[in-house]
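There are two complexes below, and they share chain A, which is joined by chain B in the first and by chain C in the second.
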Partner chain A sequence: MKKILGQDENPLSNFFKQYGFSYAMLLPALIVVALVIIYPFFYNFRLAFSNLNMYRMRPFIREGILETSFQIGMQNFVRILSSSDFWIVFLRTIVWTIINVFSHVSFGIFFAILLNRDMKFKGIYRTLLMIPWAIPQYIVILIWRGMFNYRYGAVNNFLGLFGIERISWLTTPAGGFSASIITNVWLGIPFMMMIALGGLQSINPTFYEAADIDGASNLQKIKHITLPLLKPVMTPAIVLGVIWTFNNLNVIYMMTAQTLTDQIDILVIYVYRAAFEFYRYGYAAAFSVIIFLILLVWGLTFMEYMSDEEKAVR
Partner chain B sequence: MALNRDSKFKRFIIHFILIIMVILSVYPALRVFGTSLRPGDMLHTTSLGIIPEGATFEAYVNLITNTPFLRWLLNSLIVSFFTVMVGISLASTAGYVFSRKKFPGRRAGLTFFLITQMFPATMLVLPMFLLLARLDLINNNLGLIIMYSTTALPLCVWQMKGYYDTIPDSLEEAALVDGLNQFQAFYKIVLPLASPALVITGLFSFMTAWSEFMVARVVMTNESMYTLPVGLFQMAGNFNTQWSQFSAASVLIMLPALFLFLSVSKYLVGGLTLGGVKG
Partner chain C sequence: MKKSLMGILILVLSLSLLVGCGGDQAQDQAEEGAQENLALDQREVTEEVTLRFWEKEEPAVRSTLDALIEKFEEKNPNITVERTNMETEDLRQNTQTAFMGGEGPHLTSSPFDHIGPFSAMGIAEELDNLISDELKDRFIDGALDGLSLEGNLYGIPATMGNHLTLLYNKNLVDEAPETWDELIEVAKELTDGDTYGLAYNAAEPFWWVVFHGGFGGWVFDEDLNPTLDDEATENAMQFVHDLRYKHRIIPGESDYDLMDSLFKEGKAAFIINGDWSYGEYADAENIDLGVASIPMFNETGLYGQPMTSGTSYIMMAELPEQEQIATIKFIEFMTSEEAQNMFIEENMFLPANKHAYDHPLITENHIMAGSAEQLQNGRPMPVVAEMRAIWDAIRPSLQRVMSDDLDPADAPAQMQRRAEDTIEDMR
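Coming up: the complex of A and B.
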C-alpha cells in the first residue's frame, strides 16, 4: 500500500487523500445499489408488518404512505410459520436444492476431469457441453416442457424405444417435480463444469507426477489430490449454486404453468404467487423475509464451517 | 493429467461418454430448430428425428409478419444494451477498488454483495414494483434497465475483483511513477488487461437482461412493451399454440445468445473467477 505522504494537520483531508479515490470509484455503484437494493430491502421489512393488498393499493399509490391502520405487527409471520403449507413447501425446497446442487457439482467435476487431458476434439466437446448454459433459461424450460409432453414429447418416445411405459410427466406432482429436476440439472451442469475446469488447470502437475512415482491409482489421485485442491475453487460456486437453486423461480413455475399450478411450488414461487397472483403484498413481504433469513443463517453457518476446516488443515 | 498414458480402451470410453453427453446437451436446441421448420399440417409427430419432411420457413415468415415479435425484439435489445453498459461500467470501477485498495468498509461491502445474492427475487421485486408503480415507471424500459443492471451487479463486481486480483499491481506502480494519476493508471493500464473479465461480465449482464422473465412479466403489462421472454411465454401459453411459430421465435432468440456465448467461450475458462470468498 501507498505510504501516507506528508502528515496533514487536518485528519479529514488526510482521510480524503488516502481514501478519496476508492470512494469516488465506488460511488456510482453505491448509489444504484442504495436505490435498488438497500432501499427496497428496508421497505420490504416495513411491508412485512403491514396488511397491504390489492384493495388497499389505491390509497397507498395516492398517498404513498403505509397508513398506521395497515400495520398489523407480527401477524403475517405468525400466520406463515403456523401454517402446515409453509413446512411442506420448505421441505420440498430443501429436497429440490440438495438433489440439484449435488448433481450439478458431481456431474460438473466429472466432466471437467474427463475434459482436462490432451485429447482429440477437446475444444469441440467443451463448447458443445456449454450449450445448455448459452440458451436463455426460459426457452430451455419451454422446450423441455414440450419434450415432456405425454403423447408427442421426445422423452416418452425415447423411453418407448426401450419398451418403457409412457409417463405422465406434466400432470402428476411426482412427474412434474422429476421433470423440473431433470431440466434444472441439465441447465446447471455447464456452470459447475467451467468452474471445475478452471480449478483443475491451476493444479500443479508435479503433484500427479509425485503420486505416479508413489504408485497411486487414478482413483487415489482424484481422491487425495484433485478433490482437495478443487475445494477452494468450488466452495464459492457451491454457495452460489445453493442460493440460486433455492431461489430458482423459473423452472418449476414455467414447467407447471396451467397443469400443476400450485402443487409442487418451492418457497420462492409460493411467495411470487402470493404477491403477483393473489396480490397479498404484506404477506408476501413477510414470507420473503423468512426465506432470506433461512438462507442467511445457512450461508453464515456454511462459511464458518468451511473456514474452520481450512484452519484445521493448516 | 498426463494423457499419453491413457490406454486406448480408456480413451474410447471417455470419448463415448462425452459424445453421449454432447448429444444430450445439443438435442433440445436441435429439436426446436426442427420443429420450427415443420409445415403447419404436421405439428404433432412422435418421431425423434430433427429435420422434418417438407421443411419450410413458413413459420418464420408468419412470426415476423403476424405477431409483435419485432417490437418485442426491439424492447429486449434496448433493455439488454443499456443493462450491459451500466453493468460493465459500475462493476469495473467498483471491482477495481475492492481488489486494489484498502479502505474502511471494504470487507463489509464485499460481504454485503454476497449477501444480496441470498435475497429471494420477490424481496426486491415487490417493493420495487410498488415503487415503480408510484413513480409511474410501469411499462417503461427504464424501470427494467435499473432493476437488471443492479441485481446483476454484485456478482459482476465479485467477478471483476477476482480477475483484477490476478493482475500484478507492479504495473500500476510503474504507471504512477511515470506521472499518471490513479484513475489514468486504472483506465489506461489495468482496464485493457482486464478485457477478458469485461467480456464475461458483459456476457452475464446480457444474459440476465435477455432472458429474465419474472420481473419483466410484472413490470411490463402492456403487450407492446413486452420483452421477448414475456411475449414468448404468452405465446406458448395460448390454447392453440402455433408450435412451429413458437419454435421459430425460440430459434431467433437463441441464436444471438448462442453466438455471443460461443464467440467468447475461450475467455470463459480463464475469465471466470469468482474469487476466493476470503477476499
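Coming up: the complex of A and C.
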C-alpha cells in the first residue's frame, strides 16, 4: 500500500518519511563513529603522504601546516617495501598469526565439543575455560612474564620436575617468541570456544541420530557433521581472529620489548615504535596503510574462498 | 536508498573535517609579557588563574605534592592548582596531543628527557628570558645545562637523581671497595652456590653505560652523532663479559628481578641499582643497606659513570601572560628551600636547589650521602629524543655478548651502525 502511494512522490522524501525516525535515532551513534573511526581512518591516509616527524611537528602543532605530496607518500612506501626489515618482520607476523589462530581454533573447537557433551560439573569447567577472557589482558601478560622468569618462574620450575634444563625464555629470540605464542594461545582460546559452542548448539540433533542409525563412529560424526556445520559460524570468527592476532600489540610488546628490542617484533609493534618512540608519524601512517591493505586483501580473498566452497558443497 | 545513505555519510564526514580545523588564539598576549622588564617570577598575578599541573609521580610523592600545593594556594589566593597524575609515557603522549587541541596542561612534572621531544615540537616554552637570575642561581651546578638544548633552557629541575649507585649488604661485606679489582676479589670469595658477589641488570643498556663511561666512553659527540664504535665500547663490553664468564661473580640471566630478589634474600653482596630502590631495601629484613659510589676502573682511573637525570617542570609554550606568571610562581615555590626540604624528608629525593644540600638528612644519613656523592660522578643523560636510538642500538648487542653469543670485539661496529640508521630515520 505504502509503496504504491510513494510512487508518484520524490523517492528521497518518501524514503525519509518511511525511515526518517530510525535515521534520527541512529544519528548520534553515526556522528561518534564518524569522529572516532571514519575521520581518523581517512586522516591516516593523509598522514601517510606526509613526512611528519618530530622536527616537522612544530609548524604542524602551531599552524596546522602539514606538507603532503604524492611524491613523499611514494617515498614512504618505497622505503618500507624496499627494506629487508619489512619482509623479515612480515614473514614473522605471518608465522605468528598462523600458529596462533590455528591453535585458537583447534583448541577452541576441541573444548567446545567436550563442553557440549553431557558431563558432570560442566559449569565449573566452562567457568575455568572462560577465565583467560575475564582477566584484563595486560595483567595476564605480566603474570605470564613472571612465570617465564629464568630462575624463579613457574614454567622453568615445572620443567625442572621432569629434569628438563632451564630455558632462557625472555632473553633469546626463540624463547621470547615461543613464550609470546604460548601466552597468546592461552588468551585466545575462550573466544573461539564460545563461538564454536554457540555453533554446536544450533546443530540439529537429528543429524547425529541419523548417523547413529547408520552406525557412524564418534570421529566420523565430528568429521562429517560437526565440522562442516560449524564452518559458517567459524568463518567470520577466524577472519576476526586473524585480524586481531595480526595486529596484536600487547603480548609481544609487554613480554619482551624491554629485553628483546627489535628481535621478535611483528608489523604492528614496528609501527608502534616508529610512531610513538621515534616520532616518525608519516612513515608509521604509511606503514599502517600497508598493514590495512594486507589485511583487506587477505580478508576479501578468504571470504570469497569460503563462500565458493560453500556453493560447491551445495 | 544507497545514494541518500552515502549523502548523509559524506555530510557527516565533511562536517567532522571542518571541526578538526579549529583555530588557535592567545598568542599575542604572551608576546606582550616578554616586553616587560621584570622576570615573571618577580611579578604578581592580578587575575584568578587555575593551573593544570600534570605529573607522573608515585603515590608517596603525590601526597607531598598535595601538601605543597595547599601551601602554595594559601600564599597565592588567586591561583588554584589542579594536579593530574598519569604514567610517564602517557604524560608525554597526552601532553603532546592535548597541546594540539589547546587543552593541555600549563606545566608538567616530567623526567628530564621529555625536554627533547617537547622542545623539538615547540611544545615547551623557552625560559631563559622569562625567569630571573636569582631563580637560576639557586640550582646545583650543571643542572640547568642538562635541561638546555641548543642554548635554550626548557625546564626547571625539581629533584635530581634517577642514577645508579653501588648498593651493598653490610651483613655480607663490611665496606664498599674503592676499585673494581677489589670488588671482583671480594665478590669471588663470596660467590658460592646460589649466593653471588655481584648482581645487576646486566643486559640493560642503562646499566652498561656505567662501564662505558668508566672506560672513558660517551654515547654522542657534540653534534649528536653516535660514538659507539670505539675502544671504550669494546673495553666495556669485554669487562662485562668477563664479570660473567671469567670472574664468574654474577649469576646467569642476571636481570632486574633476579638482582632484586637475590639482594632481598641476602644472597647478593653487591648490586647496582638506582635511588628509586633505597626505600624498599632499607626496610628489607635481610639487608643492612649501604650505598656507595660505583668503584674506579683500574685500567683508566675513572669511576663508574651512571647517567643522571631527575624531574623537571616544563612550562607549555604560548600561554597567556597571567598564566605564565602563575606557572613560574608555582615553579619558584616548588624549588624553594622550604618545598625542597619536604621532598628530602618525605621522599628522600636529592634536591635540585643547592641550598637544600645542607639538610641534616643529606649530610648525616649515609644512604642519602652515598647517593649524593654518586651524583657527582654521574653525567647528565642527554635529553634529546635520539637517546632512544642509542638505547635500542646497545640492547641487542649487549644481550648477545652477555649470553656469550657475540664476541665483545664485534659489538661496537654493530651498535654504531644500528644507532646511525635509527637516528637518520628520525630526521
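Brief remarks on what is shown
Criterion: the second predicted complex is superposed on the first by the 296 of 314 C-alpha atoms of A that agree within 3 Å, B and C clash if a C-alpha of one lies under 4 Å from a C-alpha of the other, contacts with A are read in each partner's own complex, and residues count from 1 in each chain.
The definition used in the following text is that a contact is a pair of C-beta atoms (placed from the backbone, for glycine too) under 8 Å apart; a residue touches a chain by one contact, two chains touch by 3 or more.
What you are looking at is a predicted structure, and each value in this text was computed from that prediction instead of being measured.
Upon superposition of the two complexes on chain A, a steric clash is found between chain B and chain C.
Once the two complexes are overlaid on the shared chain, A:Y150 sits against chain C while remaining clear of chain B. Looking at the shared chain after the overlay, A:F276 reaches both chain B and chain C.
Using the contact criterion defined above for the overlaid structures, shared-chain residue A:A174 touches neither chain B nor chain C, since it reaches no partner. By the document's definition of touching, of the two partners only chain C reaches A:Q263; chain B does not.
In the superposed model, A:M254 makes contact with chain B only, not with chain C.
Ranking chain B and chain C by residues of chain A touched puts B first. Of the two partner chains, neither chain B nor chain C is touched by A:I98.
Contacts of A:V78 after superposition: neither chain B nor chain C is touched. Judged by the touch definition given at the top, the superposed model places A:M130 against chain B, while chain C stays out of reach. Of the two partner chains placed by the overlay, chain B and chain C both lie in contact with A:Y23.
Once the complexes are superposed on chain A, the part of chain B occupying the same space as chain C corresponds, among 92-100, 146-154, 164-172 or 218-226, to 218-226. Under the contact criterion defined above, the residues of chain A that touch both chain B in one complex and chain C in the other are 23, 30, 35, 39, 43, 61, 64, 151-152, 258, 276. Against chain B, in their complex, chain A makes its touches with residues 1, 18-19, 21-23, 25-26, 28-30, 32-33, 35-37, 39-41, 43-44, 47, 60-61, 64, 111, 113-121, 125-140, 142-147, 151-152, 154, 157-158, 186, 190, 194-195, 197-198, 201, 205, 208-209, 212, 221, 232, 235-237, 239-240, 243-244, 247, 249-250, 253-254, 257-258, 267-268, 271-272, 275-276, 281, 284-285, 287-289, 291-292, 295-296, 299, 303, 306-307. Looking at the complex, you find that chain A touches chain C at residues 12, 15-16, 23, 30-31, 34-35, 38-39, 42-43, 53-55, 57-58, 61-62, 64, 149-152, 168, 171-172, 258-263, 276-280, 283. Those residues of chain C that touch chain A in the shared complex are 1, 4, 8-9, 12-13, 16-17, 19-21, 24, 89, 93, 99-100, 117, 120-123, 203-204, 251-253, 255, 257-258, 261, 318, 385, 388-389, 391-392, 395-396, 399, 403, 422, 425-427.
Residues 1-4, 6, 11, 14-15, 17-18, 21-22, 24-29, 31-32, 35, 44-48, 86, 89-91, 93-94, 96-97, 101-104, 109, 114-131, 133-134, 146-147, 149-151, 153-155, 157, 182-183, 186, 207, 210-211, 213-214, 217-218, 229, 232-233, 236-237, 243, 246, 250, 253-254, 257-258, 261-262, 265, 268-270, 272-278 of chain B are the ones that touch chain A when the two sit in their complex.
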